[in-house]
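Both complexes shown next keep chain A, but they swap its partner, so chain B is in the first and chain C is in the second.
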Partner chain A sequence: MKFTITREKLHEGLGAVAASVPTKTTLPVLANILVEASKDGLRLSGTDLDISVSTTIPASVDQEGATTLPARKLVEIVKELPNAAIRMTSSGEQRATIECGKSKFKLLGLSRDDFPAFPSVKFEGGWKVAAKDLQKLIQHVAFAASTEESRPILNGVLWELRADRMRMVATNGHRLARMDVPTSGHGGGQADLIIPPKALEQIRRLFGGDEEIEIGKSDNHLGFRSTTTQIYTRLIEGPYPNYEQVIPRENDKSLTADKAALAAALRRMSIVASDQTHRIRMAFTNGACKLSVQTPDLGEAQEELAVAYEGDSLEIGFNAAYMLEILKYMPTDEVRMTFKAPERAATCEPVGWDDPASYMTLVMPLRLVD
Partner chain B sequence: MGQPPAGARRILLADCDQMFVAVARLADPEVAGKARLLVVGGRPGGRGVVCSASYEARAYGLRAGMPISRAERLCPKATFVPVPRKACGVKHREIRAVLDEWTPLVEPASVDEFYLDLTGTERLYKDEALAQTAGRLRADVHARAGLTLSIGGGTNRLVAKLAAERAKPRNNPEAPGVLIVPPGQEGAFLADHALAEIPGVGPRLQAALRRYGLIRVPEALRIECGAFERWLGPRTGQWLYRRIRGQGSDEVDPVGEAKSMSHEETFAKDIASDDALEAELLRLVTALGRDLRAEGLAAGCITVKLRDHDFKTRQLSRSQPEPLRTDRAIFGAAREMLRALRARRRVAARLVGVSFSALTASEGKPQFTLLPADTRERETPKDRRLATAVDRINAKLGERTIRPARLVRRPGRERE
Partner chain C sequence: MTSPALRRVAILPDAVANQIAAGEVVERPASAVKELVENAIDAGARHVRVELEQGGKTLIVVSDDGSGMNRDDAVLALDRHATSKITSAAELVGVRSFGFRGEALPAIASVSRFTMVTAEEAEGTEVVVTGGRLDSVKPAVRQRGTTVTIRGLFFNTPARRKFLRSVPSESRASVEVVSTLALSHPSVGFELQVDGETRLQVPPGQDDPGRLAGVWGPDLAGTLVPVNYASGSVRVTGYAQRPGDAAPTGRRTQLFVNGRPFRDNFLVRAAEAGYRSAIHPGDRPSLLLRFDVDPADVDVNVHPAKLEVRFRDRFTVERVAEEAIREALGVLEAAAPVGDWRPMPSAGGAGHSVPASLFAPLDGSDERPEEERGVAAPGTFTAPVTQLFSSYLAFEGPEGLVIVDQHSAHERVLFEEVMAQLAVGGAASQRLLLPETLELTDEELDALERHREAIEAVGFQAEPFGGRSVVLHSVPAPHLRFDAVACFREMVADLARGRFGGWANRLERFAATYACRAAVKAGMPLGEAESRALLFRLFQTKLPPHDVHGRSTIVQLPRDELERRFGRR
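Moving on, here comes the complex of A and B:
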């Protein structure tokens, strides 16, 4: 294997792949990146067996070949090299020489045959979607997935593909995010897929917004590819909980507020809130929202916020961290929240969003103790 | 709760001397009370481990954690009694109640140890020396709870803990039961210790330090922080550097009630069957669950421990999405962990244990949930009502009046 590549391109390619290399692993080859030089350029691949990423970058290849090299060391070396052409050669299978300007490194690797094969996924008969649509869904929904191990299905994001729309839903049981994006056909059939957020994060990061992504599926894997990048992920199996039934339809009180002002008030209140529950109290009456917090052994705080509120007055408790998180992902300056009762789900939606997508989030209140 | 102008913190560690032995003697004056050579923690011929032994029995080489069989060989005349768990819990609360009258800042560190913060009480106790206050406090506990404390004191927890060790009659028959290290003397006090005596310096760290020829604190005082960091990693290195200079936390957290509760059982014979192990786990969960509810607590984290016949010990912990307090829900979670442990290595086991941590008050869940929880682990209102009813009946009619059918009379394995 022999090729020459710009430091910038190699750095970019490694950056894309290195994130999928596990920091701790019992299988040594997984700490390596597979480097393959061919007439198409240089292909770099990494995997933790759950998620596999590969990217092809332009390089001037003199001699085709492949090896695997330790990811962290390779990234560090390339990071420290000057901005000049890098020449990489490997004579034996497991040793590579990296030369750049007056620097020269020899790095030991492992045989490419040890590197696990990527899942075989059929792209024929799969789906085709615009990267920007998929990225929009991921950006607004993936945060809501659970990080606790007790219910693995909630560690995934549900992706529903329908004839004329795509939807993503994620929840940890206390808050939920849902977004629909209309599509003009994606080629494939209807499907419900549950995807680990870590894979979605790679998809959001690595595909260009104007690319079209091809998606293929096998029994338990999903593949995403464009001309330069491929991402494979394990699917989470099992039925996703029936989220539709928890979306409130009878909320009869509504609040419209400036997102930034509401978030700022919540941040101030949460300073004095309990570290465990982050409990804050919100009291709504006509035209005003009173926020308050009272934490034994710490102190209390109050604040009043001018809002548009319709409905009977209401006192309700929330985890300030959940509220702030939901507001963070709201795409508009103004938000609308709806409520029913102190123990029922509240919704939050953008106001005046100039986008064909529809977005809503849901948060469950906290019990207020008087 | 600011620091007094004088500046020095006044931290005490009150350690109940041989709590298990003393309580066993109080609880059973006829047998345990009359035995000089007393071992708490099992039956003769059994395979448990020594929980505690009287000073007289310790003279034969007995110590906590030793298998009962070995203890029997070393001290054949010893009397063996089971651990008086319940009575210890009662005594713990009695001692706590007395200590609470001396300072509001009392933190139980274990069943027989309490940290107290007396900073700011100088005027309350008319500027008497801390040693004098500690002495009076010790006499108060002895008079009212019938148990003897060893009390160590100083400007932080580490010094208090080490001083309490020195104050114990076991270590020094002349010891008055109270030892206070004056402010400013922490370093000198520490210098009189072996590294192994410092809490947190366990066998592995001791071995690492031995490689550099370090056994006692004065030898280690010559080492620079950077060297420790290189040898032991930055965190441990810095920690040890401060520790051997007598620096440590002076926080006493009175809210920190029990931090965890645990219960384990060494079997009379190794158990190889999954089913029998699960039954043992259920027995432990049922007993510990009752204690958990009696304290008005719920467990946010559950740990299952398994010791195989070859003493290989493994454990798994799981945080629960919601704190649990009923046997059915806890057992559901615990059983899953036991199964996972068994799936990795299915050999005969000699011990199974369960512990609850991340304990919270069980007064209703603060966070409402969106989705009905997993039916497998879900703790329903019905579960909670059932647990309350069973606890009440058992409190009235005897501990094991109502128990899981799986635990009722298994031929050949009847206990108690």
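Moving on, here comes the complex of A and C:
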């Protein structure tokens, strides 16, 4: 293997792949990046066996070949090299020489045969979606997935592909986020896929702009690819809980508020809220929202916020951390919340969003004990 | 029949009466040692020396530098009921000296070859008595004080001599007696020689800890924490063993009431109850407890050897003993080798922390609370914390490496929180978007019904769902990785099986069950912020060093030990 590449390109390519290299592994080769030189350029790949990422960058290849090199060291070396052409050669399979200006490194690697093969995913007959749509969905929904491991299904994000729309849903059982994006046909058929958020984060990071992404599926893997980059992920086995039936339709009280003002008030209240439950209390009457918090052994706080409120007065408790999180992902300056009763789900939606997508989040209350 | 009627009833001669009294007061060499040493202490001795041969069977010598006696008193002291300690029956209540009946010396003298050399001023007296018969009284030379020499104890009562135990056993009893007296009088020096070997040597004028180390040995003394507690008219001081050092064997206990040693297994058990959740059921902690009560509230004369006492209000004394121990163990020192290294975080405010998210906020700004960005907020634990084996939290304390068991720590935190919630309410309960349905057994349903109120107080809302099913609508949220369904299931199963059945208090039993099941488990990776928050909360609890099973929560590897292992010391 023999090729020359600009430092900038190599740095960029390694940056894309390195995030998928596990920091701790029992399989030594997983700490390495697979480096393959071919007439198409240089292909770099990393995997932790759940998620695999590979990207192709332009390089002038003199002699084809492949090896694997320790990811951290390779990244560090390239980071410290001057901005000049880098020449990499491998003598034998497990040793590579990196030369740049007057610097010269020899790195020991492992045989490419040890590197796990990527899942075989059929892209033919799959889907085609716009990267920006996918990014939007991931950005607004994936945060709501559970990090607690008792129900693995909730650790994933549900992605529904339908004829004329895509939808993502995530929940940890306490709060939920859902977004719909209309599409003008994406090939493939209708599908419900449950994807680990870590994979979605890579997708959000590595695909962008006006790229069109091809998606293919095997029994338990999903592949995403653009012209330069491929991401493969394990799928979480379904079925996803029936979220539709828990989304409230009878909420008859509504509040419209300035997002920043509401978030600031919540942050102030949560200073005095319990560290574990972040419990705050909200009381709504016509035209006003009163926030308060009382924590034994700590203290209490109150605040009034001018809001537009319609409906009977209501007192309800929430985990302030959940509320703040939801507000953080709201795309507009104004938000609308709806309520029914102190033990029923509340919803939160953007107001006046000039986007074809529709977005809704939901949060379950905390019981108030007097 | 002309013979005169024999008189059947007669007053016993003094010698026989003394021998009978000897049976009560002097049953073995150790009791003679006790009587004589007590006399020496009552005489204001600063130093008492005891010498034994053959476990005291052949020779007992007790000498002191106390007040001594003049010739007349010395002779009179050997008469029955001769005493300098009380003069009227009214003084019996509230007696503060050891002896007062005036039985000991004549009793001992009646069953041995007895020699007493005593001097009040410059002039001394030697009194020799053999088997209760006064042989001689003559002047002698001695410094102020008294020396009593007893040879051939029980030489004239073969029946009693036959019942003496082996030499080692009798020696042990005497060592025990002198140790107890040494503990009760730190100001008096003691020396005990058994068959030419020094078994105990403590200088006069010691403080309590010094005396304890001298008598119980520095190793055992090093595992003790001080007790100092008062409630009502009862005050308890002394030392209790750290729960982590308590073992099923090798315990030593010593009780005093108003300075007088006594035995009382029930009181020891009451004190052990103060350990309650902090030791294994089989472990027996060493204890030295001094009770100070109004002398009118205790009768010390119910036992001839004064080994037992009777309290007027026994229940209160037991309660105070238990409270005293609990209070003593609440100090973190009880956890690990000495030193006050409780990290004192700055008081007050607790910041909110949004669970760290993989996803950056839309506007790209970092709105995370400060502690997640690595800036310490006030009111949190600030030392760098490392998690080991996903199970322990380690940090640098002032005197060594401190290692905390995360599960035990959280258990302790939750236990105290739940106890507070059961008392005043106030648990937050998260409504579930997707209610969980569980199938329970009949026993579990029964347990659920019995504990419904407590279960709801900690934040679970479970409703019957037909048959043996219940549906969970709300759950507590004690930590980020809390598995509410598993916790509920295990907790109900535990309650049904009567786990923690040893706990007397029903609410505590429930709280322990819940705390055990809800706490973070060993093997759960914790974030830095989470670890700090847990430690902060742990050190705010009443009993940080121990979890509800009595296991240690905190272990310390002292810097000394570390340096020794690296050969720096």
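Heads up, the rule we're going with is that the second predicted complex is superposed on the first by the 370 of 370 C-alpha atoms of A that agree within 3 Å, B and C clash if a C-alpha of one lies under 4 Å from a C-alpha of the other, contacts with A are read in each partner's own complex, and residues count from 1 in each chain.
As a convention for this text, contacts are C-beta pairs under 8 Å (C-beta built on N, C-alpha and C of every residue); 3 or more make two chains touch, one makes a residue touch a chain.
Bear in mind that the values here come from a model prediction, so they are computed numbers and not experimental data.
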Worksheet item: For the overlay on chain A, clash or fit between chain B and chain C?
Response: clash
Fill in: Contacts of A:E149 with chain B and chain C, given as first, second, both or neither
both
Discussion item. Is A:I271 touching anything from chain B or chain C once the two structures are fitted on A? First, second, both or neither.
Written reply: second
Discussion item. So in the superposed three-chain picture, is A:G208 touching just chain B, just chain C, both, or none of them (first/second/both/neither)?
Written reply: neither
Practice prompt. Answer with first, second, both or neither: which of chain B and chain C does A:K198 touch in the superposed model?
Written response: second
Worksheet item: Can A:G173 be said to touch chain B (first), chain C (second), both, or neither?
Response: both
Discussion item. Quick check for you: in the superposed arrangement, does A:L366 touch first (chain B), second (chain C), both or neither?
Written reply: both
Worksheet item: First (chain B), second (chain C), both or neither: which does A:G15 touch?
Response: neither
Worksheet item: Between chain B (first) and chain C (second), which, if any, makes contact with A:R279: first, second, both or neither?
Response: both
Discussion item. After superposing on the shared chain, does chain C or chain B touch more chain A residues?
Written reply: C
Worksheet item: For the superposed three-chain model, which listed region of chain B (289-297, 307-315, 343-351 or 397-405) is the one that clashes with chain C?
Response: 289-297
Worksheet item: Do chain B and chain C touch any of the same residues on chain A, and if so, which?
Response: 148-150, 171, 173-176, 241, 243, 246, 277, 279, 317, 319, 343, 345, 362, 364-367, 369
Worksheet item: Touching chain C in the complex: which residues of chain A?
Response: 138-139, 142-143, 147-150, 171, 173-176, 197-198, 201, 204, 241, 243, 246, 267, 270-279, 296, 298, 317, 319-321, 324-325, 328-329, 331, 343-345, 362, 364-367, 369-370
Worksheet item: Which residues of chain A touch chain B in the complex?
Response: 148-151, 171, 173-176, 241, 243, 246, 277, 279, 297, 317, 319, 343, 345, 362, 364-367, 369
Fill in: chain A contact footprint on chain C (complex, rising order)
348-355, 357-359, 361-362, 367, 420, 424-434, 459, 461, 473-474, 477-486, 533, 537
Worksheet item: Which residues, counting only chain B, touch chain A once they are in their complex?
Response: 255, 318-321, 364-371, 373-374, 377
